[in-house]
Amino acid sequence: MAILLNAETRVVIQGITGREGTFHTQQMQALGTRVVGGVSPGKGGTTHLGVPVFDTVAQAVRDTGAQASGIFVPAPFAADAIMEAAAAGLSLVVCITEGIPIQDMIRVKAFLREYPGCRLVGPNCPGILTPGQAKIGIIPQRFASPGPVGVVSRSGTLTYETVAALTAAGLGQSSVVGIGGDPVLGLSFTDVIELFERDPETSHLALIGEIGGSDEEQAAERLRGSRLRSVAFISGRTAPEGKRMGHAGAIVSGNRGTARTKEEAFRAAGVPVAQTTDQIVEILARS
Amino acid sequence: MAILLNAETRVVIQGITGREGTFHTQQMQALGTRVVGGVSPGKGGTTHLGVPVFDTVAQAVRDTGAQASGIFVPAPFAADAIMEAAAAGLSLVVCITEGIPIQDMIRVKAFLREYPGCRLVGPNCPGILTPGQAKIGIIPQRFASPGPVGVVSRSGTLTYETVAALTAAGLGQSSVVGIGGDPVLGLSFTDVIELFERDPETSHLALIGEIGGSDEEQAAERLRGSRLRSVAFISGRTAPEGKRMGHAGAIVSGNRGTARTKEEAFRAAGVPVAQTTDQIVEILARS
Amino acid sequence: MKLLEYQAKEVLASLGVPIPPGRVARTPEEAAAACADLGPVAVKAQVPVGGRGKAGGVKLARTPDEAEHAGSEIIGMDIKGHRVPLVYCEAALNIAREIYLGITVDRDRRANVVMLSARGGIDIEQVAEETPEAIARLYPDPWRGPLAFELNALVWDAQLGEHVRALVPLIGQLYRAVTEYDAMTAEINPLVVTGEGTLVAGDAKLETDDNAAFRHRDLELRYGGVVEGDPFEVEAKRRNLTYVSLDGDIGVIGNGAGLCMGTLDMVERAGGRAANFCDIGGGARAEVVENALAVILMNPKVRGVLINVFGGITRGDEVAKGLVKARDSLGMELPLVVRLSGTNEEEGREILKQHGITPGASGWEAAQKIVELTR
Amino acid sequence: MKLLEYQAKEVLASLGVPIPPGRVARTPEEAAAACADLGPVAVKAQVPVGGRGKAGGVKLARTPDEAEHAGSEIIGMDIKGHRVPLVYCEAALNIAREIYLGITVDRDRRANVVMLSARGGIDIEQVAEETPEAIARLYPDPWRGPLAFELNALVWDAQLGEHVRALVPLIGQLYRAVTEYDAMTAEINPLVVTGEGTLVAGDAKLETDDNAAFRHRDLELRYGGVVEGDPFEVEAKRRNLTYVSLDGDIGVIGNGAGLCMGTLDMVERAGGRAANFCDIGGGARAEVVENALAVILMNPKVRGVLINVFGGITRGDEVAKGLVKARDSLGMELPLVVRLSGTNEEEGREILKQHGITPGASGWEAAQKIVELTR
């Protein structure tokens, strides 16, 4: 088992005919992901990468029974694409797109309250990977292997690195979830922990956070007393105040959102804190 | 018993210090309505008609435990007043104000979906009267008497006339509900019938409709097989197409919303149709 | 307020909707001049009712002479009771296809509905009856307005995907007429696809909400005086009365819209025909009654007046005194029947009798009396 | 984009927010002229950081001479690393009371928050810590915007009911800065109640969302060039790099924001200090690496460079070739340590070694090496 996504999940790709959409759909298909269609307005009725293309998500859902979508459309249109996916009845929407205006995402979050059955991952995230089964997004599958470690992260490359290190150490992953680097997100750390907590095949958890916001602090609280053997890693310890460190969400404001307070929160909740990705593996291997 | 309103209901009046608000609050108090406060921004902290005045509905609810409100504010501010009442947690909002723009009311209806515990009566209505107990609105109490007939109506004066005729014939009323003459309304005929249906003290129903829309047709369908001994009356039989007959909602468009189709719908559902208010009483007295 | 075609197009153009070049002409000469400037034009009667085409209110003119001739024929003609005050001369279009686009209030849903159909150019009611599946509908959330994906889906649903890039922004612009001008109906029919593949509004309808007039004083200032309405309704509006002209000969006054409509119905059942609907509201104050009577008596067809008042909070004796005063100050000599019920009804009826006004105990009795007196 | 005070005030004024008369001065003479026109003025340094008052960047001037003097002192001064390019001369206010009004994004709630406090004129963070109950908050639905009753309640909650008529529309105007300009922060502090009882913006802060810049090209055109930012950041932006200047001497390049931040952290743990944050994204293409290296080498403080790349979909040997090419084309001679992991990492490291670049198997090892080489 895994969380959110498995080999049976019927996936549609929004923006399938674009360069990024095409490349990563091929990667998803290579892993065995059940991509049942794509959406690209104006290209309805054609076939791309062996799957039918539709003009709207609603049509794709009607004709393919899609349950989940991956979004690869440009930032100015991505918020609309998320809402279209939710309104079409999808239960999982993974938005890879980076650079969506924050006000757009605030509106999307309010919109999604009307669709409680819809889970959004991202935006500005690498997506979800369930090793050996399926992925939606851009996480490279070659470093992953099936196993008991749930991985949840605000970062992309740092996640790939961690997954590779886990695999090298013989620690496979149940699911890898990149929640994204934006300040206004779909699933939070806490939401994903909730899912891992209920997944019988996940026994360990690697949480990769960074500066900005207080989602890590809330996650720490949620992990207090959890059955999951967990480790946390926070990047951005040396980031100066008021500077956006790449991710739109990675910013320390005043003395809020610092790596120090986040690390302290985890320690206070009984969750060990790693200083490097190698240490993540060491700590999990010991626990 | 009665529907919506009884002697225990704690009522706050929005616009209590205005001319209309003052006059009708006195009338409500004279009947015994439990008016616990008023709202009039800028007059918070004062007393009017023996009750405390507040700047906001939320303050009034907090300090008085109000459950219901009557709205007597001018049309440009009335939609906001309804939303304020709903957001403050009131379960019954009676809006007397006439002339609210239809787009305002469409927005209000969408807003109210977030407050399923809040029932709106009106706008552009005479309100609710539970004889011998309480009223919110402007229905004259002197013609009413307690009894088993539920009255629901889109009209004001026609309702007073019917209530007076019922009382004169010895037929008292359980509750009298004026749902209002606007095209976009709070409670519909069907909603109010639902409440009367569940009220053990209501055995008869007088429904006073008029041209425009299809709420009467839906009400007829709802009354098919109902335990309530009912009669319907529809005004506007001779109204020409495309002309607004006083009420914003009283308009026949093409061949939709005519008195004829409404009367036929009631007859088809087994509900007798009266041609005058006197006939309403005759039919109920026989049934 | 029902805007004329050229007014609706001015408003829609200000929101970005593409319209053909056109010009208003109040005289045949102006129509000729417009044609000289614009080339071949459609000369269109400007009246606030549909069906002007069938009534001969639209003519094509290729030359200024033809335009002048068309103008002289159309200006001043009567279309369904409306004298044509002016024509709109609009550059003739190269029509490849006609689309229907309209937004109105769906009462049952308590929402706005956007309707789009590839079957444009004909009455949408007819399309709705004959081929309901040919109309795609969208009910936008009123706070959010129509979202991009919803508009896209609407266009694809209407089988108009090939025009999606032009249609989506255009629908958004028409929707702004609803939010920015409180339109009850905003319609472009036909929405023309030209031979060049562009979209342009062939005709336009805009009816705004009178209840929202306080937000749109500019509209009334700009366009309020052009339509020549029923003179009694115009006068009634000036006096702040709720009045509708009808075509019978019995003047009717009631307090409350429902009671007043019911009174009209009873007049008809009694064999008469009402000259008007006139609701004087709950209070029935003397000056309002006087205003109502004054407007009704302006109509030379009126042969008698029926007043139906149910006194709720107002006392019947006061209402009666007001009625007598109003009648006397207007020097009214036509038959007057008053049904007065409710609070202090006996006292009220006594006063009426003393002043020679026929009282009725019920509306039905009063209706029969006035019909008898005016036969 | 952080707007300067005068820019923020121009934007807010266009939305209806009342601001005092004021004028920008780029020279002391212009400051004198402004004072001659406006009377007594506050001469205020225009820098995109707070705390200019304490730094001596605000001076009152009663006469043109005083204004000229103030201008000459303030223009060109350094405030927290920002050279003051110009001053804003603003008519001095008759201050009766100072209110705080601000709108920003509440990350935890994923919503905008409107904050209003009778304790204006001081830093809101300080108020939040000392007297949190003195700040009234509203979280408007982003589709509806703040409703009238919500704004009323906010004002009464903040104990500012006496100003409710002026405050409610003003908050609505400030909120429009959020919806119309994608403001992440829109703040008026102090919002001044004058001796005459009117409201006017004493200071204003506006920071817009860079992700939404595509919707606001006009703002960037009008105000983009005024602030003299860090030269390396300006150059990096020109080259489309995600770059932040820091104050150490080791240049850092990473692929991915998290990895890059983690690399900075490791450099510090190894005893060094990074000169910058530079995220070249997932692909690590040769031209992007070259751009990044070029900007980093512009900084004379840089004594060595650490590159930390985890090859995901990109192959390590290709990354290595790109790195070598970039270094050579720039003629870089400073120590360069590269940590290369992921796909084809062995092949990649071999290539680096062949070209004299120190490879590191882990980020931590690489960080220690570069610190050692630059000590």
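Labels A, B, C and D are assigned to the chains in the order they are written; within every chain, residues are numbered from 1.
Everything that follows uses one rule, which is that contacts are C-beta pairs under 8 Å (C-beta built on N, C-alpha and C of every residue); 3 or more make two chains touch, one makes a residue touch a chain.
This one's a predicted model, so the numbers in the text were calculated from it and none came from an experiment.
Enquirer: Would you mind naming the chains that touch subunit B and likewise touch subunit C?
Expert: D
Enquirer: Please flag the chain sitting at the greatest distance from subunit A, going by CA centroids.
Expert: C
Enquirer: Distance from the CA centroid of subunit A to that of subunit B, rounded to the nearest Å?
Expert: About 51 Å, centre to centre.
Enquirer: Could you put a whole-Å number on the gap between the CA centroids of subunit A and subunit C?
Expert: 56
Enquirer: Provide the C-alpha centroid distance between subunit A and subunit D, rounded to the nearest whole angstrom.
Expert: Taking the mean C-alpha position of each chain, the two centres sit 28 Å apart.
Enquirer: List, in ascending order, every residue of subunit D touching at least 2 other chains.
Expert: Residues 141, 143-144.
Enquirer: Two-or-more-chain contact residues of subunit B, please, as numbers and ranges.
Expert: Touching at least two other chains: 111.
Enquirer: So that we know how the chains sit together, what is the shape of their touch graph: line, ring, star, complete or other?
Expert: other
Enquirer: Spell out all pairs of chains that touch, sorted by label.
Expert: Final set of chain pairs in contact is A-C, A-D, B-C, B-D, C-D.
Enquirer: Which subunit C residues qualify as touching subunit A in the complex?
Expert: 144, 147-150, 152-153, 156, 161, 164
Enquirer: Within their complex, state which residues of subunit A touch subunit C.
Expert: Touch list, subunit A to subunit C: 41-42, 44, 55-59, 77, 80-81, 83-84, 87, 111.
Enquirer: Once bound in the complex, which stretches of subunit D touch subunit C?
Expert: For this pair, the touching residues of subunit D are 141, 143-144.
Enquirer: Hey, which residues of subunit D end up touching subunit A in the complex?
Expert: Against subunit A, subunit D makes touches at 105, 107-108, 110-112, 125, 141-143, 178-179, 182, 184, 209, 211-212, 214-215, 242, 244, 246, 254-262, 264-269, 274, 277, 279, 282, 310, 312-313, 341-343, 362-364.
Enquirer: What does subunit A use to touch subunit D in their complex?
Expert: Result: residues 27, 75-76, 99-107, 109-111, 138-140, 142-143, 153-161, 164, 181, 183-185, 208, 210-215, 218, 233, 235-240, 243-250, 254, 259, 275-278 of subunit A touch subunit D.
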